[in-house]
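Chain naming follows the written order as A, B, C, D, E and F, and within any one chain the residues start at number 1.
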């Protein structure tokens, strides 16, 4: 599957916390930055996500803001 | 200003394209990945964004998806 | 690629309008409903989208609201 | 109320799961596709949502991505 | 139509700028704050929006961030 | 930090509910309207949010819809 989202950041899962319906997944990407995703528990199970898995963060460009100091 | 968004990825602007109302800003972050943001032309002007500027990509965790091959 | 987004609606592109930076893609999905996506012109070109192409609408569940009459 | 969101997909609620603060609502739309929404428990109560209710999925076009195989 | 989005801020349109496909609508809400919406030109036409129209800004709570100084 | 998001609505926190991973924060803004944000518990702790705190709601314009009666 190729997707229109402009941001696909490859990395490895370093933490995964499941809530009642929503899970938080922390991915270490190239350069060492950590990206946090908030996805459904169902998606975690369906994709078989676990700490150590290779995965990518996918982000639509319209969801990215820019900040300056 | 400190913000609740969990993802703040520092980088440098490497490309900036203004449309009629919407601009696309491409930021090179640590590790060399490129992040594309779609923001208003007004924000580009107000923040004084230009190619070469230091800037950060700010992304709410609920806007981040996870994909696996 | 498998993705955490819970909504993947298969269909066929019935209309495609490019703006200065942003394109609107209209997809007819099963049952005849039309789904409109707003994506970058770059994504349209990279995915080779055209009227008549088979494609899917991908939507994160946290971006879906529910309404009742 | 008429809303600017371009996507209003009519259907019937087929599943509803409440978490601590967030609920997942699954809606069967025309053609049989299932759309999942992640909304607040408060909204579920206020709209009186229940399995079997007629409801619509409302989605802003800037939240819809396009994917191709 | 009642909607699950938790934020419905009533106001009056004070500015409206159409781009090639995307329009920016500025709404003055109670207390004088200005809210900017980025919607499709199609929605502007369909809803008959114009400067001076009464309208509401509708925002899903998962799209609202919190910041502190 | 200056951010590209067009909507920064200053107010005071009037309610805060933590779920398993996601918290709901209700902010009273100028004019008395209440804005609800859905953010991570982690952000609540990191920003030291509590009922009575001064805070701002930050919203990207592409996440704001317009509705009319």
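The criterion applied here is as follows: contacts are C-beta pairs under 8 Å (C-beta built on N, C-alpha and C of every residue); 3 or more make two chains touch, one makes a residue touch a chain.
Composition by chain, UniProt nomenclature: A, B, C, D, E, F = TOBE domain-containing protein.
Keep in mind that what you see is a predicted model, and the values were worked out from it rather than measured.
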| item | value |
| --- | --- |
| Given chain B and chain E, the chains that contact each of them | C, F |
| Copies chain B and chain C touch via same or different residues, half shared test | different |
| Farthest-lying chain, centroid of Cα atoms versus that of chain E | A |
| Between D-E and A-B, the pair with more C-beta contacts | A-B |
| Gap in Å, rounded to a whole number, between the CA centres of chain F and chain D | 23 |
| Between chain C and chain D, centroid-to-centroid distance (C-alpha), Å | 17 |
| Interchain centroid distance [CA atoms averaged], chain C/chain F, Å | 29 |
| For chain D, residues that touch 2 or more chains besides their own | 1-6, 19-20, 22, 24, 36-40, 42-43, 47, 56, 58, 60-63, 65-69 |
| Every chain pair in contact, whichever chains are involved | A-B, A-C, A-D, A-F, B-C, B-E, B-F, C-D, C-E, D-E, D-F, E-F |
| Residues of chain B that touch chain C when the two form their complex | 17-20, 22-24, 36, 38, 62-63, 65-69 |
| Residues of chain B defined as touching chain A within the complex | 5-10, 24-25, 27, 29-33, 35-39, 43, 47-49, 53-69 |
| Residues of chain B defined as touching chain F within the complex | 1-6, 37-40, 42-44, 46-47, 56, 58, 61-62 |
| Footprint of chain F on chain D - complex, ascending | 1-5, 19-22, 40, 42, 60, 62 |
